[in-house]
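Look for chain A in each of the two complexes below; its partner is chain B in the first and chain C in the second.
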Partner chain A sequence: MENKKTVLVIGAGPAGISAAKSLANDNISVTVLEKEDTFGGNINNWAKLFPNFKDAGEVKSSLIQNFVNNQNIKIVYNKKVTELKKHNQKWIANTSDGEVFESDAAILSTGFKVFDAQYKEELGYGIYPNVITSVEFEKMYKNGKILTVQGSVPKKIAFLNCVGSRDEKVGNHYCSRICCIAAVKQAIEFKELYPQSEAFIFYMDIRMAGQFYEELYRKSQEKHGVVYIRGRISETSSTIDKKVQIKAEDTLAATPLRMTVDMLVLMIGVEASKSTTILSKQNNIDGPYGFAKSKDIHTADNYSNENGLFLAGSCKRPLTLTETIADGKSAAISVVEYLKQTK
Partner chain B sequence: MNYNPFIIPFTTGAIILFAIIIYKFIAWYRKLDKKQRFYLRKNILTFKSIEAIKESFLEALIHRNIYKKNLLLGYMHMSLAFGWFLLIIFGKIEASLHAQTLFEEPWLAIFFRYFVRDEHKFFMSEIFPPLMDFLLLVILSGVLLAWLKRFSSSLLGMKKTTRHSKFDKIALASLWWIFPLRLLSESSTAALTGNGSFLTGTVGNLMAVLNLQYFEIYFWWAYSICLFAFFVSLPFSRYMHIPTEVVFIFLKKWGATAGEEYSGYTDFQLNACSRCGICIDVCQMNFAANIQNVQSVYFIRDTRYKHLKDETANNCLMCGRCVEACPVGLELTVIRQQLRNKKEIAGKHYYDYTKPQEADKKYDIVYFAGCMTHLTPSIIISMKKIFEEAGINYWFMDENKGTCCGRPMRQQGFIQQSKDLISINQKLINSSGAKTLVTSCPICYKSFKEEYVLDIEIKHHSEFINELIENNKIKIQNSQKSIVYHDPCELGRGSGIYEEPRNILAKVGNLKSSEFEKQNSLCCGGSLSNAIIELEDQIKIRNHALENLTACNPDILATACPLCKKTFVHGNKAKVMDIAEIIAENISLQNQSSKHKEKNKIKTKIEL
Partner chain C sequence: MEEFTKKYWKDYQKEIADDNFYYERSCIRQSFFPGSEAAFLKILRDILGKNIIDDPNQHTCTGIGYHSDIVPFDTTMTVVARIFSLMKDHGVNNFIPSCVTSFGIFNEVVETWNHSPEEYEKTKLFLKQATGRDFEIPQNISHASDIIYKYRKELKEKMPYRLVNRNTGKPLRVVEHIGCHYSKLFAKKSEGGMEFPKVLVGMIEEWGGEVIDYPERRHCCGFGFRQYLVMANRGYSVANTKKKFESMQPYKPDFIVANCPGCTMFMDRWQYTIAEMEGKTYDDNKMGIPVLTYEEMAGLLLGFNPWDLGLQLHQVQVEPLLDKIGIPYDPKDKYVGKSGNFLGEPEKPENLVTVYGK
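For the complex of A and B:
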């Protein structure tokens, strides 16, 4: 057997999957280490995807074609990498259960985690049962129903943007990029399910910088009557019948505002996953907010400052699914370039 | 007459000094506000004046409070102040005994050894030379320490030492030289006449190699000029604190306090600061965030010299740590507040839209959660549970439409707006007819206590819960969890509540102590009084505090302020809980009254 080059891919989310497939195509032997017992990462949290409401499961199935049964790809589940180090030109990954993996190059595709909304206690998540996160909304939507804990259809629902993003107080100054459009999507989904109910979106800015986003935003207002209110929610409380009372300021009308809704959905932001932070710190490639830092954001975005360690997907910064898949491929190309040089 | 031209600098200097001091004191006295003058007149002839004399002695001369910080530093201040004081007193006695009148030439005491050169005996004359030598030696040891402090302040337990202005430098330089020059002058005279004792005599013998016949007079001239320089620069330098501190102590003892507005009493306080720099070391802005030039010593100095910058006035947490540490006992945060207060009364009323609902019936207790507590709803839920468990007939005053207590506005200097808010709340509280007002926020608590006119007992929830437990109104169980308690600034230093929270916590868990506790507790960094601090600096202060508080890895970091809770939660270091939450979690259910059990059963049914 010829001496094949080997690459470790850490994380079997969309970025890892797409990178592994491309590398396998180049006849490189890939080992994918996934900490969960299944692949797909955050894509598993979605029911339908923006901007075209495509079923997330379908997208996932086409993504994993040639991934699971690829003879060049070995996927190992339940392997949490606790240490990633370069040693004698080799990349060594230690996992929490004591196993060691070795390769010629490594790709960090450890992705993101969502913001823990309990940190913003004033929003009542974890305290008032009808305050949920956007991730929980997706889960409910997958099951076909959006219901309050009492089991009734919400007559009024509010979505709050920028929870854990663009927020000095929690230390995240950046924009998570996907939550605005996700709110538009979810509000439309809600209104399609329950046309009689009302939906409100509280926002600071509406950031619709993607293909078809603006159109969707417009449609949500014209066709579905979603109401947009500029202003952050400052505090929430609960009424006796478990409705959520919102205090906010309508910054366009410059008045304080009070509203009672049956359900409040927090559009939680994107943060670096724990593994992203730990592994990039170990290799001195950690950037702001615990994300991994690429060598050059314009020309070497898949390279890190560590030779042989590559970055793919949202371990670098918040990215959309579309961007993540493309970035996985792009990382694979960089790895191939590198392996050729080190022959 | 005992006269020589070299006494002229000293005498002129002394006259100028007294003239300026008297002028200044009168000017400040006239600026005292009505209340301060009232107390002065009321208490001047009471034993409070005796107390003031005692305290002046202990503080201005002995420097008791500095001793508490560091022995050597205390000794340095005492040897200079008390030593010099005694030197003047005994010098005067010696001169008067010699001249056999109380009205000898005023400079005679100062230059006694020059003028009285013979062994002329008078009553007790033999005890003075050694006594005066001893005092001089004590003072010189203080001067030596002061020199050392300049080179290495850490020797005297100080991390930072104050930077000086021009007048300070002149005064300091002359102060450093006054006593060495006195030693040289007296020693040279002693060498020529033999009127010295163990110190001046010995030094005189060593100096005898010089042509003292010629040099002696120059030493005396130098000594006198140094005194002149010191006297003339004193009123404009930090040393103005020497006379001012004494007057300040008297005013304080008579009952004066700094009010809302800048007054003559503020001037006395500004000038009573000795710029010892102790407030720099205790300030978290300095040691946690490395921000200089905003500490109280700089604030006081810049205010006194009228070049106060906004940054210096505003970049302060108002945590009160410096107030606790200041050996002079200056009301540093109150003065800062005076300078922050906006002079022009803004015409716009911002709170017209607030139309609070009045109480619909009479209650025993009013509960005011406060704006900050509304941002930490689990505290509110816990308080509700506690009220219900104790079976209390309470009115949750700001449940739906709350109005801020007004203190954050006030701390930013918006007095008028703050008063608007206060009058709204005052009306509401009085409408309830309750006897007790309970609040969950130390900021509101302090505001109710100090800025409201209320005929009602005001309690922070930690006091209230403590009473409920003591009176068996609620039963709690011990969770055995380890707990560290963080004293919130406004509750601890601000309101003096240290024991009640600890009392409660010791009953529900295993209360551990931390390095910074009670009067010495740290600010969480989230203070609303500082609207200009950079977030990164705030985070540095928070993280430093968190590190100290969680050094023993407690299960729970407890606090009694929603703002501290929120700030610490974002630090992500420990499980942070308010006292109310901890109690609500540990209310023991077995002891619930049967009525409550019934009610709960029904509730669960509805939920199902």
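For the complex of A and C:
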């Protein structure tokens, strides 16, 4: 009988799915350990994707083709890996329920979590009900309506960029890379639903580095009349009729600004997931901000400094979905290279 | 919503000492609200049975001079060290400033010493050279309002009155204002954190009142040293206070309470100024919204005589509030001094309605 090589993939988000499929294609036996009871990771939080408004469900469906019923892939749900270590050239994963998995190589595809907006107390998330996060906006949009807690259509909505990113106070200096374009997307979606309403985006810089992002940013202004204000919101509070009062500085006009909106959407940033931080620390591959550190960002970005432990997707840093899927495949190629050498 | 706030308040709970205090009086509290500090000492000594030193040798913390760029920080550190050396003489090590500006100053100085030991050594040397004295850093620095907050439940047991409208049975609606230097310099030194400190909320809710969360709740009271010290800037001071009044008006507050003497002073006196300048008041009876210090609030509920608390020195008249709560007072005693002599009535404003000089 053929002695098949085995690989553990930790996390069944887009990076893990993409890596597992590529490995399976190479006739490698893959076990995917997912802590939730379903696959897809953060893709499940999206209704439509930037920059082309493609339905996230459709993208997920095509992503999972040859994943779920692949004879080379075993997916195990509700398995939270609490310990990952190398022993006698094998990778051993212990799960919270006491199971042990063993393989020739392991891929960390433990992804990201979103910033907990409650830490930015001054923004009133969790205190004022009409202050919501971009993830909650997306959920509402999936259900076809964006409504205030009072059940009315917001006449004025504001989006605040960089919540939990580029922020010394919360200790996250980095840019999360996806929230600027997500705000543009969500503002357009809002204006398409309610053309009579007004939408404002508060930003520090508008970072439109992806293909078609800049065009979308332009379209949001020219076609949909989204208003961009350069300045960070310093304080929110509730008015007597439960609207959200915002204080900010318009740094282009060099003036303080006070505005009342019906709803404020916080564009929450990307942080390393707990599993990412714990498992990379255990293997001394932890990088800044709790993300996992690759061997070389230019030439060996899917390798870690631990032989046989590979990195895929946003466990390394904030990535777009497009990049994440590609990175999963790239990680699989690196694993195959490694397994060939260790024959 | 409630759940979240509770969680955060738990995170931000700070250590508040429970006995053997050195009390640092406030230059402005004892001038503007002279009954407040006496009430605080009485509450601590007679009601709570605490040991608290009220030292006649104490002096300024330099706060206002420091924030006005008149006193350099080295001087401030040395002056603060001298106050700490006085505390050492009395053998206690829990420090309670009455003023919120001072609270900020003491914390800023101690934080500086903790972070820069060379500054600490320098201050020790300066104090020794100037006065021959030694000092120790207090074990605990809590604001005087923290102490009342800590013992709010015990005090409630002793209170014959509640923050309840005796005619309607409904909780009084209270605007609370926290001095910026209580929470905004060092969030961890504030009970409840930077944005939503709990120190006054805790007292108000414990004693039966309801806190108003109005849009400009966290806005400056208008004190802001440079805004009023420079006469040309005073318009900024009034403008800030006005913004707060306009924002709280729709909620119909029964009164305002603050933990900083500067805030109490400006929110009280600027109501007179705005009424006289623009004919505008923010209540239904053209009398203004009464503004209390937290010591006055506690003292009233404990049954202290309103005139012993110094409430006759407030610009906005407090009688309607006393009537709402059901606190008895003798109008004839209002302007009778400690000597028993009638001191005369203040001048009557043109627009702001008062109960005197009818």
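Methods note: the second predicted complex is superposed on the first by the 343 of 343 C-alpha atoms of A that agree within 3 Å, B and C clash if a C-alpha of one lies under 4 Å from a C-alpha of the other, contacts with A are read in each partner's own complex, and residues count from 1 in each chain.
By our rule, a contact is a pair of C-beta atoms (placed from the backbone, for glycine too) under 8 Å apart; a residue touches a chain by one contact, two chains touch by 3 or more.
Remember, it's a predicted structure, so these values are computed and weren't measured experimentally.
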item	value
Side-by-side fit of chain B and chain C on chain A, or clash	clash
Which of chain B and chain C A:E122 touches, first, second, both or neither	both
Chain B versus chain C as contact partner of A:K169, first or second or both or neither	first
Which superposed partner A:P256 touches (first chain B, second chain C, both, neither)	first
First, second, both or neither for A:N25, with chain B first and chain C second	neither
Which of chain B and chain C A:I240 touches, first, second, both or neither	second
Between chain B and chain C, more extensive residue contact with chain A	B
On chain A, the residue positions that both chain B and chain C contact, one per complex	121-122, 127-128, 235, 237-238, 245
Residues of chain A defined as touching chain C within the complex	118, 121-122, 126-129, 235, 237-240, 245
For the chain B and chain A complex, residues of the former touching the latter	353, 374-378, 380-381, 399-400, 535, 539, 565-566, 569-570
Chain B-touching residues of chain A, taken from the complex the two chains share	119, 121-122, 124, 127-128, 168-171, 234-238, 245, 247, 255-256
Of chain C, residues touching chain A in the complex	1, 4-5, 8, 193-196, 213-218, 250-251
